[in-house]
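Multiple structures follow.
In what follows, chain A forms one complex with chain B and a second complex with chain C.
Coming up: the complex of A and B.
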C-alpha cells in the first residue's frame, strides 16, 4: 500500500467528470498546521487577559480542613484568588446525564471544597497577570488536609470495608446492572463445554498533542461570555455553561421566571411542543434509572429544576468557538470542571480569563480510560459452535463521572456490542462501576473497545481448548450475509454492511500458513518467538436507526446531523457543519464532497465549524465516527439542494431547462455546451441585485440528515505478526494487516491515516502505554518519561485492504475513526499468546511481563 | 509547569562564571544545554535563585587532543561530539554512546559534560566515563582540580563537585588499536532512558584479554562497574562461553530496583544479555569474532 498523501491531485482543480470524492486529495489543513499558522486556543492571547492556574490536590483522598489564600492574594501580579467554596457558590452541581437502573451517578461541583478525591483535584483558582505569577501564587496557598484511606484498584473498589468516595453510595460500587438476551441458563446447560477466563485491562490516558484549554472573554456592556475552547462538542459546552452558571438561588430564579410573561409563555409552549413530539419516547424511556438515581440523591431534582429555569433566558447562553484543535481522542467531548470554573471566574470578575492545561495537569485529569476487568464464560459445543456468552464486567471510573458521557454509557454500549459479529444464542452482562481515587474516565477512541479485546482473546482461548484453528473457529461462527438474522441478539438491525465475514475471509486468504511456519522456525533459531493473532469486530458507524434505541431508549439525538449551505452575494459557497474537527480532516473531506456536488473546485468552498453562533446545535459535535456518514452526508444533501436552486436560476438566465444543466469547474451550462455557460458569481450577483442583498447569503439551505437506509456498520479484521526477543522481551511487529470495510471511501489517504493512527494507539495500549497508579492511588506516570506513547520508530508499516461494500444509499460512507484502536489490542495479544504458547489474560504486556509469561524470568 | 522566578547570568568568561558561583554557591545552578535543568525548574522540583548560563564562554567550547587524550569542553554539545571525526578516532566508545543519548533535538542542545555533571545514573555518559577512566576537570574562583570518574559519582544526581565549582572539561585517556569497546542498552522506546545499559571496553594482547571495564547504567544510584565479572574475563581468550560466564556473574552481583518500566529480575536479565552482546562487540572491534 502507498502511504498517505504521496499520490493524488496536487491541484484542487476539478478534472471534469472525475470529481474529488474517492481520491487521495492532499489535506488542506496541513499547510497551516505545519508552518505554525493554525488557530489553536493557546495562540490567542487577547489584550488584558488574565491567566488562570489551579491549585490541585497532592493527595488521592483527603478531607480539606482549611484553606488560606491570604498570602497568594497579596502577591504582586495576582488579580484574584478563588477558593473552591467561592466558585461552587457561583455554579450548579454537575448532574447525571445517562441514567440506568442500578446506577448511581454522584452530583459534584466544579471545584472540591470539602474533600479531594484524586491527585490533581482542583481546590483553588488563581487569576494573575501571567501563568508564571499564577503558579507562584499557588505555592502560597495553604491547605490543611486530613488523609483518608484511598481506593486505588478495582479490587479495593469492590471491597465494601473501604472509605467511601461518595457519601450517598453503597461502598464504592456505583453501578450494579444486569442485562440478559435469550435464555442464558438453558443455553449454558445445553452446551458441551463452558470455558471461563478473567481478563484485566489496565488504565490508559487519551493523549492528544494539544492539551485542553479555554479562554473566556466577557463583553463589558452586556456581560455576554465568549468561550474559545478545545471542545469536541461546542454546542453541548454552550448549553452546559449556561445551565451550570445560572445560580441565583431557586427563589430568585422562580420569581424572575414568574414575573417575566415572555419566558412563562415560551416555557409553556415549549413544554407542550416537547410533550407532543416526544410522548412515545418518554413512554419508552427508563424511569427505573431515574428512580434509582432519585432514591440515592433527592437533590438531583432540585438541581435539574434550577438548571431548567436558568435555561429559559437566551442571554444566559455564551458563544462557544472552537478553532483548530490538536486532537482529543474523545477526551474533549466532556465538559471540563475547569471550563466551568474559569467561566464562573470570568463572569464574577468581569475579566477575560485564559486557562491552558499543561501536560502535568493533562496526565493527572485530562481524561483516562479502559481500566476494566472481564470474567468471561463462553458456552460452546465440541465442534466449535458458539452457544452462549456471559460476562461479569467491572469498570473503574476514577473519582468523578465525566459529564455528559460517564462510565454508564460504556456499560450500555457493552450490552449491545459484547457478543460481536458472532451467532450467540444467549448473552448476559453483569456490569459494575467502581469509584476509585484516580483521574476521571472519559470516552477514548472506541470507548467500549475492550469488549472486542476480551471477546476476541476469549475466542483464541476457546480455540486452544478445543484444539481448533482460531481463524477457522471465527469463520465457523461469524454472522454471514446469507444466514444473517434480521437483527443482532442485542437489538440492532443487520444488513449487508455488517460485513465482518467478508473481512475475515479476505484476511485469512492473505495469511500464508507455510510461510508463517517457516518464519516461526527462523525466529526460534534466533532465540525469538513469532506468533500470529486475528481479531474481528463490527462497529455501528453510524449504525442502524434502532442502534441507539438498543443502547438506551430516548437517545435518538445521536441519530442525525444538521448542516447548512449558503451562496453569498459575492458568489462564495459556504458550508456550515456542527462537527468540531480535531485532526480528522473534516475541512478537506467536506470540501471534496461539496465541490463535487456543486461542480466547483475545492478552493471555491469554505467550511465553517466550531462557532455556536454560526453552526447548528449538535449534542455530540465530533464523536462516534459520525463525521463521514452523517457529517459528510448532510454536506452532500444540503449542497445538492442548493445546487438545484442555483441551477434553476441559472437555467432561466441562459434560457435552458433546469434538467439539462451541468456544472463543471464552476461553469453552469447546458450539457455539452460549456461555451454558453454562466458562473456562480454571476448567478449570485443577479439574485443579490434583485433581492437587494449586498452582503450575506443569496441562496441558503438548512437540512437535517439521518443517514441512508440502515445507517450501516463499519467492520474489520486485523491480523498481527509479533516477534519477541526472548533474551530481552523486546517486541517487533514484522507485519500488520487490516482488512476493513467502511463503505465507499471519500479520501483514501485520510481513511488510511485513521486506521494507522488507531492501530498505533492499540500498539501503545499493549506494549507501551499504562497509566500507573500505586496502591495508594499516587500517579506514577505523571510525565512523558513514564507514560510512554509509541513514536513512529515503534510503529510498523500497516497494510490496509479496503472492501468498500456498497448499499443503495447515496452517501454511504461509514465511520472509520475508532476501528483501528478497537481491533489492535486483541490481534496483538492473540499474536503474543500464539508466539509464547500461553493464553495471555491481560492487555498490557511490557517487556518484563513478556519474559515472565515466557518463563525466562521470575515474576 | 512554569519555573519560579530566578536571576539569570550569562558571563562571557570563565573567570566571571566562577566568580558568580563563588558568590552564590548553593543558590546557583549552571545552565549549559538545559535539557535536564529546565524541566526540573518547570516542574518546580528545583528552584535555584541564580542560573549561570555558560553558553557564551568560548573557553569551554573545545574538542581537542593532547598526546592522544581527547578533551571536551563543558559547552560541547552532544551533536557536535557525535559528528566529530576527532571523537570517533580518539574515543570510539564515546562516539558509540552518543546516538543513544535522548533524541536528536535533545542532543542538539544538551552537552556531554552537562550530562556527566548532572550524574543521572540512567544516562550513558557517566558510565562511559567510568569505563574509559575519564578525568573531570573542575575549576572554582580559588583554583582548579582534577577528579577521576571513579571518584566523581557519589549517588543519585550527586557528584564530588562542590557548589562553587564548574566542571570545565572531561578528558578521555588515549585509545589504542588493541582496545575494543561498545555501548549497548535496552530501552522501552527508541530514545528513552535505558532500562539497563552497558559501556564496556577491553584490551587484548596476543589474543588474551589484558584488562576489562564493564560499567552498567540504570541499575544503581550511580553507574556501577562489576569488578567480579571483569576479573572473570581478564587473562582469558574471548569466547562465547567466557562471556556467558561473565554475564552470569553480572546477573548475580547487580541488585537493581524495580520500577514501572522494568522489574529487578528483568534488569538483571538484560544486564546479562548486554554483557554477552557488549563483550562480543568489543572483541569483534579488534578483529576477534566471537
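Coming up: the complex of A and C.
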C-alpha cells in the first residue's frame, strides 16, 4: 500500500472488528480482473479445438429451397460442415417449458432447415481450424431462399390475414389469456371516472459486454461432454443438453430401455424420489396449460419419450462449467440454440469445438426484450382514490420462444405485479403474445418491468386529469403498514417488507419544491425545460412463500436454493453455491457471510461455483434477484450448521461446553479465554485421524433454503430530474435519486453498484436504445453505431438512500439486482412529461421525438 | 468471395516483431489477422477483451507506443516494430498494483469487469497526459469505452482515486 493512502476494508482485513457483513469490503474478484487474469470462456482455447461459425439467414421470413455446402466443405482448413437438417437429426426439438391456459408454444429445433423466421436464423454450421477459415467457408455455402411475407410489428402480429410463422397457431397470436381479481365490472361501474391510455414500449436488447459462448470438450474414451459456457444457469443447461441431444447409445427406444436392468432401476428410483419430494406440489399444478398446448400440437408427447432417453443415467449428462461471465442481464439464462448445435456437432464428430458469438450475432439474436403495448383503464374517484385497473397487453416475442423462460412467464408475472403497491379493489389483465420475424425475447433485468412503466406513467396521467400532485396521489393510494391487508389482491402475502410507502415518503421529503420551481424558471430562461418524475414499485426478491404459487400453481418447486459447506482434512473451509455469478460479486459477498459465521477471515473461505460436477442442482442459477436472499441465505445456514458441528468437536478437545465456544479470527476457544484456543486445522486433523480421511471433507453439510418471513419484498421509489434543451433535444439529468429498501445490506459498495447499473440501463432505454426493425423486419440496429449504449457522458451520478427495513427475527438480504431498471423508465418519462407539459405515451424518447413533443418540430 | 480468392488469402504469413509488456516477441501471422487476436491467441495475453470487434466498445484498448488504440481495428502486421502495453503489463514486477489498478480496486469500480482492460488502458493514457483531470475531463476521456454494468460513477471514482494515490506517491 502507498504511504499516506488508506485503502479500507479488504478480504483479509476488516476495520470495525464487527465482522465483514455490512461493510464495504473490496471485491475479491477484482484481485484477478484488474491484472487481466479473469477466466472468461473466450480465454480458453484447448489444444486441437475446432472453431465454429454459423451461417445465418439474411432474410426475415423465407422458405429454404436448397442448400449446397460442397464448396465450403472442400476449403482447406475446414473440418466439417453441418446443414441444419443434419444437426436437427441429432437433436430433439426444444419443448415448451411454461405452459398456461390460452397459450400455444411452438416447438422448434436448434437449426432452421425448412424455413427461416428472422434475420440471423442459423441454417448451417462450419467447423474449421480457425474462426477466420470457418467464416471464409460460410461465404462458400449456397442457399436458395424463397421470400415469405414478414411480420414486423405488434399490429401485423395481431392481423390474422398475414403469413403465419407457425402453422398451428391462430394467425401469429400464440397466447390469448385473461386473469381477473375482484369484481371488475362492478368496480368500474361504481367509480367516478374511468381514464384510458395506450402506452408503447419499443424493443431493447440486453447487451452484456461479453457475448455468449460455448466450448465443448469430448472425452475421447467415454464420449463424455464437458461444456464451458457463459450460462447463468449451468445446471439447467446440463439438463437441457442431456435431454435435447438424441441418445444414440445403448438406449434407443423404450423396449431396449426396459431390457436394460441397470438403467431401469436407476430411472425408477430417481422418479420415486422426485415424486416423494414433490407430490403435494405436483398435485396442485394446473393441467390447463398442458391441455392448451396439446389441443394445438400433440408432438410434445412424441418427443418426451425421446428426450427422456437422454436423462436416464448419470453418464448421459454432460458436465457444464461456467467461469467468469461478462454480464448477462437475463440474456444468458436461456439455452441457446447454438449451445445445442455446437454440442451435437462435437458429439457427432468426437472433436472439441469452440463457438464465441460475435457482436453482430448477439445483436441479431443474443436476446431482445420489452417490445410491448398496454391499453390501460384506471377507475378512480374524484378525490383520487384508486378503484380498479384493466389492462390489455400485447407482447412481441419475436420468432422463437426462449427456453426455458419465454414471454409466457412475463404474462404470468404481469398478472401478479401489475396493480403494484397500491390499494386497487379489482384488476383484470388480458394478455396476448404475438410472434414476429425478429430475434427472440428473453428475460431482461426485471422481465416484467414495463408493468411499472405503464402503471407509474398512468398514475401521472390520472393526477393531471384530476388536477392533483403525482406524489400526493401515490401517497394517498400506496399500501401502508398500518392498514395493509394480509395479501396483495393478486395473491402473494405481505409483511412489513412491503415498504414502498416508506420509500415514497422519504423520497418526497428529499424533494425541495421551491428549489424545483426556481430551477424550472431558470431552465426556461436558457431555452430548456426542466421536470421531475416519480416512480414507485416493489419486487419479489425473493418474495413470500406463496409467490410462485401465485404466478403459476405448482411452479414453487423451483423456489429453494441449495448450498453445501465442507471443512477439508487440512482445515480449509469450502462453500458450494449453485448460483452462476456474472458481475454480482457473489464470491465476495458469500465469503463475507461465511467468514462471519465461521469466525474466520474471508481469505480462509473458498467459494465454489459454476461447475455442475461440484455444485448442487438448480433450475434457475443466477436470476430473479435471488443471489442475496436465497443464495447468501443458504451459505449462512449451512455455514452455521457446520460451525456448530466443529464447535462440538472443539469443545471436547479443550474440555469445555459447546455452548461456551466462541470463534474469533479462526481461534476456537472458550469465551474470554482466547489463549487456550485451537484452530480449524487442529479440529479437522483430529477428525481426519479418527476417520482415516486423509484428503477430502471431514465435516460436510448440504442444505436447502427457502428464505424467511411472509414478505421478502424489495421496494423503491425513484425520482428523476430531467433538463431538455429545446434547441437540440438533448437531455441532461441534473439529479437522480433512488430511495430503496432491500433489507439488511451485505456489502453497500456492491448494492450501490447494482442500483446504479440498473438505472443506467433505464436511462438507455428511454433516451438512447431502440432495437429497431424496419417494416420488412430487417434489423436496422445491427452494430453499436446504431444501437446506442449510453457512455460516461450520458449517465449522471446516482444518489442512493437505503432504508433497510427489518422484520422480527432473522432477516435475509433482499434482492436488488433488477430494481434500478424497473423504476427508471417511469421516473424519467414522468419527468419529461412534467418538463414539456404533455403526457408521454411511449417509452423511447430520442432528441427528435422530444422536440416533436415540445412542439419545436413537426412530426 | 469465390474459392480461389479465399484460398489465396489463407496460409501466407508475414513476420511481425513487437515488444509486448517489455518483452520482445516475434509472430508469423496472416496479413488479415487483427492485433487483438494475435495478442490474445499468439501472445496468450487474454486480459485484452473483445466486446464488439467493430471499434465502439473499447474493451480491446491497448497502448501502442504509448497511445490508446482499438486492437480489434488494427491488423497485427501494422504493429510491426511497435511497443505494446496490455493490462497484464500494468502491475509492477513485485506484484504491487499500478495506481490505476489500486484506484479501481478501492473504488469497487467494476462488476463483471469484462470492459475493465479497456477502461484501465484508457485511464492510464489520460493520467499520463493529464495527471489532475477534472471529473468532466475523466468522463469525456472514458466516453470511448462502454460499460453495461456500473453506470460509470464507480469507474470515474476509480480514476479519481488513482489521482489521489499518485499524488500521495509524489
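Points to keep in mind about this one:
The rule we apply is simple: the second predicted complex is superposed on the first by the 819 of 859 C-alpha atoms of A that agree within 3 Å, B and C clash if a C-alpha of one lies under 4 Å from a C-alpha of the other, contacts with A are read in each partner's own complex, and residues count from 1 in each chain.
We adopt the following convention: contacts are C-beta pairs under 8 Å (C-beta built on N, C-alpha and C of every residue); 3 or more make two chains touch, one makes a residue touch a chain.
Just so it is clear, the model here is predicted, and its values are computed rather than measured.
Applying the stated contact rule after C-alpha superposition, one finds that A:136 touches each of chain B and chain C.
Residue contacts after overlaying the shared chain place A:197 against neither chain B nor chain C. Residue contacts after overlaying the shared chain place A:858 against chain B, while chain C stays out of touching range.
Touch criterion met: A:71 reaches chain C, while chain B stays clear of it.
Put simply, more of the residues of chain A are touched by C, taking chain B and chain C as the two choices. Residue contacts after overlaying the shared chain place A:34 against chain C, while chain B stays out of touching range. Once the two complexes are laid over each other on the shared chain, residue contacts for A:795 go to chain C alone; chain B is not touched. Once the two complexes are overlaid on the shared chain, A:358 sits against chain B and chain C alike.
Of the two partner chains placed by the overlay, only chain B lies in contact with A:781; chain C stays clear of it. In the superposed model, A:584 makes contact with chain C only, not with chain B.
Residues 132, 136, 139, 358-360, 783, 785, 791, 793 of chain A lie in contact with chain B in one complex and with chain C in the other. For chain A in complex with chain B, the touching residues are 131-132, 135-136, 139, 358-360, 727-730, 768, 770, 772, 780-781, 783, 785-786, 788, 790-791, 793-794, 846-848, 851, 856-859.
Those residues of chain C that touch chain A in the shared complex are 1, 3, 6-7, 9-11, 30, 32-33, 40-41, 45-54, 56-57, 59, 86-88, 90-91, 97, 99, 101-102, 104-106, 108, 110-117, 120, 138-140, 142-156, 164-165, 168-169. Against chain A, in their complex, chain B makes its touches with residues 1-5, 43-44, 186, 188-193, 195, 260-263, 265-266, 268-270, 273. Of all residues in chain A, those touching chain C in their complex are 2-5, 7-8, 24, 26-27, 29-31, 33-38, 40, 42-43, 45, 71, 74-77, 132-133, 136, 139-140, 207-211, 324-327, 329, 358-360, 582-585, 749-750, 752-754, 756-757, 759-761, 783-785, 789, 791-793, 795, 797-798.
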